[in-house]
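So that you can tell them apart, the chains are marked A, B, C, D, E and F in the order they are listed, and the count of residues begins at 1 in each.
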Amino acid sequence: MLDITNLECVRGDRQLFADLSFSMKAGSLLHLHGPNGAGKTTLLRAIAGLVLPESGDIRWNGELIRKLGEEFNRELLYLGHHYGLKFELSGYENLRVFANLSGFDVSEREVEEALRQVGLARCVELPVKALSQGQKRRVALARLLLHPPRFWILDEPFTALDVKAVTMLTEMIQTHVANGGMVMLTTHQHVEIEAGEIQHVHLGTH
Amino acid sequence: MLDITNLECVRGDRQLFADLSFSMKAGSLLHLHGPNGAGKTTLLRAIAGLVLPESGDIRWNGELIRKLGEEFNRELLYLGHHYGLKFELSGYENLRVFANLSGFDVSEREVEEALRQVGLARCVELPVKALSQGQKRRVALARLLLHPPRFWILDEPFTALDVKAVTMLTEMIQTHVANGGMVMLTTHQHVEIEAGEIQHVHLGTH
Amino acid sequence: MLAALWCIVQRDLTLAMRHRSDVLTTVFFFVIVVSLFPLGVGPDTELLRSMAAGVVWVAALLASMLSLTRLFADDYVDGTLEQLLLVPQPLALMVLGKIVAHWLISGLPLVLMSPLLGLQFGLSGDALWMLMVTLLLGTPVLSLIGAIGAALTLGLRGGGVLVSLLVLPLYIPVLIFGAGAVEASVVGMGADGHLSLMGAILVLALLLAPWASAAALRISVE
Amino acid sequence: MLAALWCIVQRDLTLAMRHRSDVLTTVFFFVIVVSLFPLGVGPDTELLRSMAAGVVWVAALLASMLSLTRLFADDYVDGTLEQLLLVPQPLALMVLGKIVAHWLISGLPLVLMSPLLGLQFGLSGDALWMLMVTLLLGTPVLSLIGAIGAALTLGLRGGGVLVSLLVLPLYIPVLIFGAGAVEASVVGMGADGHLSLMGAILVLALLLAPWASAAALRISVE
Amino acid sequence: MAEFFAMGTHGAYIWGSYGVTALFMVGETILVLRHKRTLLQRLGRMVRLNAEEQR
Amino acid sequence: MAINWFKYSSPATFYPLAGRISPWFAGAAAILLVVGLYMSFFVAPTDYKQGEGYRIIFIHVPAAWMSMVIYLVMAGWAAAGMIWRTRLSSMMATALAPTGAMFTFLALWTGALWGKPMWGTWWVWDARLTSELILLFLYIGFMALESAIDDPRRAARASGLLALVGVVNIPIIYYSVQWWNTLHQGSSIKFDGGGVQSSMTDIMLWTLLIMALACWLYTIAVVLTRVRSIILERESGSVWVKEMLQEKK
């Protein structure tokens, strides 16, 4: 599905990595490793199409993702360091906007159900800014429950989550992979994930 | 040293905790536990004097910290969710400003040494914004090495750190406590810290 | 497609309504700036009438420009802009939605307020009418061009001032034709030429600005 | 104490120098706004001369105000403001340092540029001199009062516009006396009364504003 | 000679134009060349230091 | 023989090439400037209407032309840089901007100094003068935006986009005298089809053209030198720069 060939990324005037090649197929998980500053975030953003790599190709089903554009976005869900939430809107409204922009209609029920599953039943109507760190992250994670697309990119998704939430997220990832989804993630925390096929990519020590 | 009596904090219209009392003495560590949204960050900020509690007292050496004002600040180092760094300045300049504002002069050597110890020898001159998540956190942590005051408040200090950096930080905390310092921290990650006397405070499940 | 456009417009309007003061403050800024001039210049009525069109238009320019920095900045900081780039919709469309919302929030109120301010300067009925029409044609252009500047300076320190440096020169033609049309009608001349030029500028901006802003956003978000 | 003040001033100046364009853009904004008026009003020299003082002062007001939003906002977002509150120094002193740096960056250049702009409007030597003196007395007041507004609106959405709403009314006395002094000297009258009033305002602002801003900051940071 | 510099009655304007133009063009040339020189020095030093370090 | 143009779009090959040719342009510019200045002061006759004051034309018009042409060239390089993503193109755009801004300023300055004796005022807010002022602001905006962004790649792309948007202004400047009747005089030189038509005497026209050509050559020489510095700065980490610097040692 996803093929990376000879990828090279440069930030500022430093080359982060070069000649990076790997591929991923449906129903698999890729865990990206590397010390602080190795370029994990940069790589994930490049794959999501947010960063223009210096050279090399990123292909989805054999097509360059730059050519695919919105087609590729339809298959992708990217959760980065930022929450990607409007702090003035409630969790409910945030999810609703996401769903609409992604082009499918969700019922009130579905959204509420997703928020309940991430343990925010009581905070549905609070504006996101009034939530704690971990609760904000949970709202962002609720997107993974609403008509999720096939390919998930998760940049340190476990940050700020308490133990219960960490277990919940691992389970969500495992189910997704088992159902033929693809997950690419990076985390410094030690988390046990048992998904069909786990690929490990290491970015060089710097 | 630090005495908390009958503390109550309210955010929005929710009472986060009430009747919270504990005290801490020199050479000890306090680990604050609680699920997402329990009010840990709020408590830490209240103790640092950034949030006004609804009721209750926070005393340092028997004096109310609000009365002490700058006196108390001289003994305190607070690292929160934010890095507290100017992104346009280099790590070196950031540390320099901190030291000067805290009222002591540091030599170029000392600052460089601190940055080297947190593993940023190569990035001394880069503006902080060009650093990765983890590297930014490391710069913030370097403050713990420069004439550190007695009382540290650390809100999820392990976030975004890789394994090596986590070990380094635990060691720093241990030495500080062993030397008679006080550390109050909260983290959802599982970290082994062996300091003289560890106190655990749990904030209620919400 | 249109559903997505509508969704964005609605989202931004909801956000603005959460902070109703936002909408009000742009209008108040406009009113205050216009009212400052009589204070700075003195109470000479003839003088005031002859500068009315210029002052109101400059104030509209500044008010629209001031609110520009907010156009993408909030979305950038909290990461929702990143997510908008990843939505399966043409980015230019999303940008257009944001521009429309921006105009509804910060342009339209100015248009509606302008007759009142014109009265303050002693403009006649015809001139007041012309003032409203030119603002109606001109303020969308301000939002459209401004979006390019706002997208280019996203996340830069001092973006607020930089954006004015980039955008004001491009605003100047709008200002000249807008104020020119009102002045023509103050002295009783026809202003059709000015108006059709402004219409042309509006169409041009409508065709180009969303694309240019979208391209700028892609650059800035990296 | 003074060392800490100096440290803050120096830090902010260094930050500004990192983005040298910051300093330049405030000045250019000033220049552009002043140049916009002739475009809006038309090229009548007599008219231009009589509105010169008002226009330059209003532009100075706006330029200083625009750069206000930046005064604490950057420090707030990256958490350094929080740290400034925790520094073992009086907060009002820290705030004063930031205000001084703000004036050096965004006020002083305006003072130095003003004679050139006055020339554009055909002001005479005496009037130019008076323009500079009033700006020299007035712009620090703008920074001082502005700091209170900036501190109060910290972290609020649409702060940029809100701050102008809070601050502009307080700026008005400065504007009236400043522009008044220049106009008095244009028509050849003495302006001592105006000047001493401006001096009094400056002293008052210097005494009150740092405390008020410090108090406002404590509220906003919570 | 003096007549030449007076340029009718327009001497100040003409020499003001030509003078400032000359000043700018010469100034720009000097700035560009000096920038190039200091840059080469700086980069040269960098390369030398790196080479020494490797040895 | 087909020249491989893309070869020269690589900074590594362009750097020495620019170094070799820029002295020639500098030399030619110097010679033409001397010739042009001689002609403008000693050969060109006194104008029967404007007296000696008209001699400002010999720098005013070249400066005004350069200000517009340089902007177009700069926008062209910026576009090339954004389409083909060649690094050299954006460096060229960056190198052109300061010289363009300088000529714009000079056009304004000399125009103002000419306006005082001719129109009796330094400055009027007419269409051509105003649009030339806008051009200066565009140049400054371009440079300010570029210097405000630290990452050179983002800086190049963002400022390139701005340059392209600003191109709209050029036709406004050029046709301003035709679209609005203003104080400023219309084009007296028209390039149509075969020849150059002019209302000026031949000798004035020739002087003007020689000065314009001199400005062209000057611009090329300065810009090539500047772009070499920019190449060195941006590529300072690359192997070829290091090797080249070591050879020099």
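In this text, contacts are C-beta pairs under 8 Å (C-beta built on N, C-alpha and C of every residue); 3 or more make two chains touch, one makes a residue touch a chain.
Only a predicted model underlies this, so the values are computations on that prediction, with no experimental measurement involved.
Visitor: Can you name the chains that touch subunit E as well as subunit F?
Guide: Of all the chains present, none is in contact with both subunit E and subunit F.
Visitor: Of all chain pairs, which one counts the most C-beta contacts?
Guide: Top-ranked chain pair by contacting C-beta pairs: C-D.
Visitor: Based on the averaged CA atom positions, which chain is farthest from subunit F?
Guide: Chain centre farthest from subunit F's centre: B.
Visitor: Would you kindly tell me how far, in whole Å, the mean C-alpha position of subunit E lies from that of subunit B?
Guide: Comparing mean C-alpha positions, subunit E is 53 Å from subunit B.
Visitor: With chain centres defined as C-alpha means, what is the inter-centre distance between subunit D and subunit F in Å?
Guide: 37
Visitor: Based only on mean CA positions, could you tell me how far subunit A sits from subunit D in angstrom?
Guide: Going by mean C-alpha positions, subunit A sits 45 Å from subunit D.
Visitor: Residues of subunit A that contact two or more other chains, please.
Guide: In subunit A, residues 11-12, 52, 81, 88 touch at least two other chains, as defined above.
Visitor: Give the residues of subunit F that touch two or more other chains, as numbers and ranges in rising order.
Guide: Only 130, 137, 140, 144, 148, 150, 236 qualify.
Visitor: By the touch rule stated above, which residues of subunit E touch at least two different other chains?
Guide: none
Visitor: In their shared complex, at which residues does subunit C touch subunit D?
Guide: 15, 19, 21-22, 25-26, 28-29, 32-33, 36-37, 39-42, 44, 47, 50-51, 53-55, 57-58, 61-62, 66-67, 69-70, 74, 77, 156-158, 160-162, 164-165, 168-169, 172, 175-176, 179, 183
Visitor: Once bound in the complex, which stretches of subunit A touch subunit F?
Guide: Counting only subunit A, the residues touching subunit F are 10-14, 52.
Visitor: Any idea which subunit F residues touch subunit A in the complex?
Guide: Within the complex, subunit F contacts subunit A at residues 150-153, 234, 236-237.
Visitor: Could you pull out which subunit F residues touch subunit C in their complex?
Guide: Subunit F residues touching subunit C: 130, 134, 137-138, 140-141, 144-145, 148-149, 154, 157-158, 161-162, 164-166, 168-169, 172.
Visitor: Note which residues of subunit D are touching subunit B in the complex, please.
Guide: Residue positions touching the partner: 3-4, 7-8, 11, 14-15, 18-19, 74-75, 78-80, 82-90, 94, 221-222.
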